[in-house]
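The structure under discussion is supplied below as structure tokens; questions concerning it will follow.
Going in written order, the chains are labelled A, B and C, and every chain counts its residues from 1.
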Amino acid sequence: MYDLLVAPFAEFDFMRRALVGVVALALGGGPVGVFLMLRRMSLTGDAMAHAILPGAAVGYLVAGLSLPAMTFGGIAAGIVVALLSGLVARVTALKEDASLAAFYLLSLALGVTLVSLRGSNVDLLHVLFGTVLALDDPTLILLGSVATVTLFALALLYRPLVLECVDPVFLRSVSRAGAPTHLVFLSLVVLNLVGGFHALGTLLAVGLMMLPAAASRFWSADVTAMLVLSAAFGIASGFAGLLLSYHAELPSGPAVILVAGGLYLVSLVLGPESGLLRLALPGRHLEA
Amino acid sequence: MSARGTAIRFEDVTLGYGRRPAVHHLQGTIRAGSLTAVVGPNGAGKSTLLKGVAGALRPLQGRIALSTGAGARLAYLPQAAELDRSFPLPVYDLVAMGLWSRTGLFGGVGRADKARIEEALAAVGLTGFERRPIGTLSGGQMQRALFARLLLQDAGVILLDEPFTAIDAKTTADLLDLVRRWHDEARTVVAVLHDLDVVKRIFPETLLIAREPVAWGETGEVLSAGNLLKARRLVEAHDPHADACAR
Amino acid sequence: MPWFRNVTTFLIGAALVAGTWAAPALAQDKLKVVASFSILADLARNVGGERVEVATLVGPGGDAHVFQPTPADARKLGEAKVVVVNGLKLEGWFGRLVKSSGAKAAIVEASRGVKALRSEESPGHDHGHDHGHGGLDPHAWQDVRNAKIYVANIRDAFVKADPAGQGTYEVNAKAYTEALDALDAEIRAAVARIPAERRKVITSHDAFRYFEAAYGLDFIAPQGVSTETEASAKAVGRIIQQIKREKVPAVFVETITDQRLIERIAKETGAKIGETVYSDALSGAEGPAGTYIDMMRHNIRAFSAALSS
């Protein structure tokens, strides 16, 4: 049992770092994922992966293959896209999903064009996206900071965030916090995603954000419980996935996501809140 | 809060969407502490009027002035609540939102506040519903919950847009009692209604509107046969050849 | 008759346009060559000298594994008379490009006649890039003796396309081959100077297997041949254990791949991080590996420096 569960982490520094990395990502990404899911923005993560390209391209044009420059550029581009699409959705008749689609496509095309200007066809996104097995100190600090900022901001903005999801008209009538809350939330999404891409690759970052959140929906109808569960599922997926990558020699990122996906499927079938089994066999009805 | 004085003043207000006016050239005041019904045929601009007062819609022309001061807080119950029923929120939390002005973004809900929430739930007959998700409520129960939230908002001006449409009779009666209570507490209440019997029974003042004000004042006089006929002659459809309004 | 006038105008115009297109072609003496990537371009220039004009598809610093061709590239191909590719399935994208450009040039596979090594494991794929190597390792140019075969193939192709230049091409090729022989000897001497037990190196990209086979340096890589493979934790763990066990002195980072993984391995094992080495592309003209010979020389110096100290 020790050999199976603990030994790889005891022996290798890179395994310990990988574990810290996924824990940080799960703590920040899970709760953000829950809100994304509740607001019906679950595909935002994937769109954002493409939207950050021009920022990374500008960073590359300015400073060459400098990871800090490209990461910073990516964050800036992501936030601009998120803010613009959020604003357009609030002010015009266009809804959030179409607004985001429009801006991220524009952003992606811009990014591809900028990259081709330099001449070299280095696959920028490939360089930008890392692997969980190679987390150096600056990256761990980045992930840790992102998780801290996220948790702090979510705690602060919990009430307006919930209200903005449930009854935005009411929120607008009692407070002006609606728009800033929404924009801060989108910025949190970008931060978690770019931090995640930089450290862990697209699949891992988006996957650890959305899959645990989706799974948590089947265990509780209470928002707070979902937030806690999504983080817990994310951590469990990270731990088990790393072990899978170690013992079964699977690539690390996909292994973590496979475990997260497995947890989701189990929740889908067995979860007490409208899980498939519960829907099929509801048991005798209650008296009242 | 003074029962004299004006709560809402309309200064040649035109409200609409794009260039189409929903409400034209409204002029007048709503007295503080009054209980006013807004009636009129479909498409008369009643909901638009409330939206304008609530600040959700900017006038195309003119000005809506709300009185400032202690009684100035405004509570608005929109027509079809744009509430996301599928959001996993218990009734208690929905109702507690009414305390926003007191608690703000981070304020805690103290024991006194908790008591107030329970009181509000009792007033609308929803004691015991605290932990139920809002997605499981019937139409009538949801409306009661929203009224409980209005109670907690403790506002000086309360706007209700068709609060009893598709609601069962018992709930309607219970909620009308609440409206009467608000009137007794000298709050200003403006409600858009379709049921003229209710209006005649409960609301002392009425504004009859059909894109422009037809009559405004004491309910009995406003709801005369002649006025009602005039209002019904309103052309509902947009006139594709309408010119710019000369007034 | 109006239609007659229109047709005449059109025909005159078309003739003029065709004339301007044809004129530059008639005025051109240089043999137009397109090379798929920078290393081949350098070899082609050395063989062709003044008689050829060489354009490159994947420039210095680029990655031939994941190259995405553009319409400009198709145009270059269309104008060329000779196209030099590596073969051994390095350029997975080449077939598509040839079809879309309608190129009628002679295509020479520089690696023809080379004894190819099999690649160790089939690479994983990411993002659907189709550069599968079909089991063969394409980095044959890492063995200087193979480069001589490349030069011979290129020379033969130039002679076939431009018989008038045969003399020049043969002279250039002979001179360059002699330079390559000298390079080969230099590398062997340098390796001989490294103590035998220290002749082990880690790189992030498994591109040096031909170098290993030819010159006796032991190369260990945590990933497969392509740049897209994602490592498993087990593979990384194994490398770390191997480095510690066999006391591999140095770790090398390349221009193209993710250097963070290599740095992590180096930090955990205490191995030295050597200078950047060039495997799949030349550096720019200002860099230390602007030509093929410079590249090989730079690499062996980097290896020697890290392993000897």
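Simple rule for what comes next: contacts are C-beta pairs under 8 Å (C-beta built on N, C-alpha and C of every residue); 3 or more make two chains touch, one makes a residue touch a chain.
Just so we're clear, the structure is a prediction, and the values are computed from it rather than from any experiment.
In terms of inter-chain touching, the protein chains here are arranged end to end in an open line.
The most central chain, judged by the distance from its Cα centroid to the centroid of all protein Cα atoms shown, is A. Centre-to-centre, using mean CA coordinates, chain A is 41 Å away from chain B. With centres defined as mean CA coordinates, chain C is found 75 Å away from chain B. In chain C, no residue touches at least two other chains. The part of chain A that touches chain B in the complex is made up of residues 38, 156-157, 159-160, 162-163, 165-170, 172-175, 177, 220-223, 226. Of all the residues in chain C, the ones that touch chain A in their complex are 58-63, 66-68, 70, 124, 127, 227-237, 240, 256, 258, 260-261, 263-265, 267-268. By the touch criterion given at the top, residues 8, 11-15, 17-18, 67, 116, 119-123, 126-127, 130-131, 133-136, 139, 201, 242, 245-255 of chain A touch chain C in their complex. Touching chain A in their complex are the following residues of chain B: 54-56, 74-76, 78, 81-84, 87-90, 93-94, 97, 100-101, 104-106, 133-134, 149, 153.
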